[in-house]
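Look for chain A in each of the two complexes below; its partner is chain B in the first and chain C in the second.
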Partner chain A sequence: MKKPELLLIDDEPMVGQRLKGGLEKLGCAVEICEDPARALDLIRKKNFDIVITDVMMPEISGMQVLEAARTASTQTRVIIITGFATANLAREAMEKGAYDMIAKPFKPADLRKLVVKAAVEMGYSDIKEY
Partner chain B sequence: MPFHIRDKTARMAAPDDKDLLDRPIFSFRLQIILGFFTFFILSVLITISAMITINKIEKRIATVQTWDRFLFNIEQARRWEKNFFLYGTNLKDALESTGAALEILNENINSLDSSDYSWQKEEIIRHLDRYHIELNRLSQLVESNRSQPAFQNEIEANLRQFGAQMVEEAAEMAAREYEMVSRWLHLLQKVPAYFLVFLFFLMIYMTRFLSIRFMKPLKYLVNQTRRIARGDLTPLRPVRKFRDEFTTVEVAINRMLKELENRQKSLIDSHKLRAVGILTAGVAHELNNPLNNIMLTAHTLMEEFTDIDDDEKLDMVKDIIGETDRSRSIVHNLLDFTRESKSVMEPLNLGRLAEETTKLAVNQAKVRGVPIHIQIERHLPDIIGDRHQLKQVFLNLVLNALDAVGSDGKIHVRVESRKPNLVIAQVEDNGSGIPADVLPHIFDPFFTTKPVGKGTGLGLSVSHGIIAKHGGRISVESAPGRTIFTVTLPYYPTARGNEEKPGSSEEPPH
Partner chain C sequence: MSIVAIVSKYADESSKIAEFTALRLGYRLVTMDDLIKTAAKDYNIPEKDLAQVTRDLTLWQHLFRKKKLKLVSLLEHKLCELMADDGIVFCGYLGYPIFKEISHALKVLILADPQTGKSAAADSAKQPDLLSNDGIAGWFEKIYQMDMEDPKLYDLTLNLLQMDISEAGDIIINTLKQKRFEPMTYSMNCMCNLELACQVKTSLVERLGDVEVKSHDGTIYVYSKAFKKGGRKAAKEVKEDIMRMPGVNYVEVYRERAPFDEIHI
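Now for the complex of A and B:
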């Protein structure tokens, strides 16, 4: 059975470090990236099923990642993580086709629920919360 | 009741006024009065001495007249005497004349004695006596009708001798006295001329003295107002040893400075609160990062508690502690900026200060996706300043730059030292630039091009005030796509002492 491909981008290293294990346990193939510029390259090279990205990062913002991912494939589900959720930001994200948004600080389980939901929608039936 | 009549006098003795008022009074009124009084005394002296001189001249003239009359009588006697020898006229008239001469001498003996010249009193009187005696002898001889030519010849010779001597002496005295009179007169003629010349110079001197006395404090005040206009609000110090009418002005200026300083301080404070408001979004974001890390780590620890080994658990707990520390320092950084604080002048590393301040705004910049590059010279010399106020200046500049840049904005913060004793800090952005017609106004209070609610227009005005207070300058260079604000602050070699107030160094010496 094919695993959903997942890319997690956050310039805070601890985020990927802590989330990776849990997401893999769900049954995802998880790639972690701290540098958004490298993330853009990855997105261009390979179609991810799910992209999880922080918004506020140096040089390249999560919005650019969102755009890149949606351009690469409209199938990609992009989940936005933000440290400061404003109505403006939410509107912009939705307009650009984000799947959902989650505000820091969040529980790993909450993110996992979102991921499961997205994966199931995409047809990955054997993905579920353990 | 908080209302006191004595309030005014109490304020008069406020510490700043005290130095000014703790001097002896020497007012211009007093100085002018003294000047005119000196002038009056001099005039009185001149007048009195002129009167004395005239009086003396009068006396001398009287003496001259006395001698003239004496001489006249003697000459009269000599004439009678000559007539007697030539024509045999009587001698009675001659005797009368010598008597009159003697009388004149006796009458005026006091005034003659008071003369400046010692006259040969005994000599003249003796000669007069002898002349008189010889005349008497001659008249007795004539009355006795005995002809004794030898005796008569002897008398005649004596008469000639004493008569001639007397005339000579009297004439000499008269001439001397006359000369005296003319000398005094001469002097009297010159005195008014001298007095005029003296008066002329005295007036020039007094005019100069008074105008210098007026101009100096005026000039000082003008210089001080220039300094104040540049934003240096240090109170005036006493420069003269005494108090005068200008002191009132100085005290008033100092009071005004105090008011200005208070007002400036409240402007600074209110603008600071605004800046803090702007920062909140960024700070909230920044704070959420470590909070998120704590949350994720704690949850992971809980979920995987039984699956992981102790080392890993310890690492996670350490991470939690580290992130808590990070949160604390974020909050501390903001609070440190917000805190109501007394203005303390202390040695500061401007580079570190700029770095700390930029950190405050860096998340604000992240929100907008604007990178801030910081470039700081190593081993910067310390400047003397108020850290909170200088932070506020940098924050204003960085926030302005953030407002000015677009989506591809970039901000550079640079701090470096310049010869001879300057530290310069620059905030550069690649934003819209400042139009030429706006540029002259940007430092004016309440001047803003930003929409209501977004800008108050106090940022640069407050920054300018703060930098001026530190004895520095803030300048701007702008073109579309490149705006650089430059803060220049002087530093003082530690050898010269750090207590010295930077702002006071440009005062002209007095």
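Now for the complex of A and C:
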């Protein structure tokens, strides 16, 4: 059974540590990346089904990650997670092809729901919220 | 579905555009009158009182200002509730602070021939329960401390001197097709936060007067200069009262105005 490939990018290590287990439990193959520059390399080398990215990161922003992911594959669903959410940022993200956006702090279950929705849309029918 | 908010001091023209747009999109049309009627019924308040507070600007100079602020707050709360339904076109001059926070709300300003204003002013002289066009702009400025016709407040400004009603409606419908106006988890959560903030503000405004409320995921932030006078005791009482409201997990109170740009209503 093929698992959806998921990349989670956040320069704050705690975020990845907190979310990884839950996302794997859904049935995703999860890669965590704290360095956005390295994340861009990963995105260019491998087609991820779902990319979850923070926005405010040193040197490279989540918007750049979003653009890179959508350039690498228009099929990739990019979910934005940010502590600096505004209506303008949300609109910019949607215009650049984001799948969805959640403001931090959020409940991990809310993110999992979004991941399930995205994965099911991509044809991963075995994935479901626990 | 998205939300269209049509704001204008030209009530006749903007309501025709709103009607056209709602019909073409299959959205529900909500006018100021609809809002007042629904709020009056749901909150068991005389329709006359709600109508008066949105129409008679002179009353704001007098006593009972806090009571009037509460009625406006109730109308904004009702507007939040109505927006939770799928797809609405709202036409009116109330609720701007709510729309500005919702990324899937397309905010449209309608400009028209100022001569229309003059005839409307004459109409309002005959019918004192109606605000003139300038009266509407004055009301907006009084309540929201903003110039209603400042294009920076809107996503789209349409001038009816340059187009007719159906062209204006078509532009709104085409603009709404842009991906940026699609609802998303963030904007839907914003609506829930705004609804709770409105509810809290309604419960406080008669006590505190000018108060701003922000809400995020059950945490409530209250900003009011009134806390300076009452000190800790007043703040404690407010906190306790808000904590009893459904959906509230935590309350913080501040003695200053909310920071600019932050979500508050």
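Throughout what follows, the second predicted complex is superposed on the first by the 130 of 130 C-alpha atoms of A that agree within 3 Å, B and C clash if a C-alpha of one lies under 4 Å from a C-alpha of the other, contacts with A are read in each partner's own complex, and residues count from 1 in each chain.
Going forward, contacts are C-beta pairs under 8 Å (C-beta built on N, C-alpha and C of every residue); 3 or more make two chains touch, one makes a residue touch a chain.
Here the structure is a predicted model, which is why all the values come from computation and not from measurement.
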Clash or fit: how do chain B and chain C relate after the overlay on chain A?
fit
First (chain B), second (chain C), both or neither: which does A:12 touch?
first
Determine, under the contact definition given at the top, whether A:105 touches first (chain B), second (chain C), both, or neither.
both
So, A:114: does it touch chain B (first), chain C (second), both, or neither?
second
Looking at A:91 after the superposition, I want to know if it touches chain B, chain C, both of them or none. Which is it: first, second, both, neither?
second
Which holds for A:3: it touches chain B only (first), chain C only (second), both, or neither?
neither
Kindly classify A:59 by the partners it touches after superposition: chain B alone (first), chain C alone (second), both, or neither?
first
Superposed on chain A, how close does chain B come to chain C by Cα atoms? Whole Å, please.
5
Going through chain A, the residues touched by chain B and also by chain C turn out to be 86, 103, 105-107
Touching residues (chain side chain C, partner chain A) in the complex
100-103, 178-182, 184-187, 189-190, 216-217, 261
Enumerate the contact residues on chain B facing chain A in the complex.
281-282, 284-286, 288-289, 291-297, 299-300, 303-304, 319, 323, 363, 366-367, 369, 371
Chain B partner contacts - residues on chain A that touch it in the complex
12, 14-15, 18-19, 21-22, 56-59, 61, 82-84, 86, 103-109
How about chain A: which of its residues touch chain C in the complex?
85-88, 90-92, 94-95, 97-98, 100-103, 105-107, 110, 114
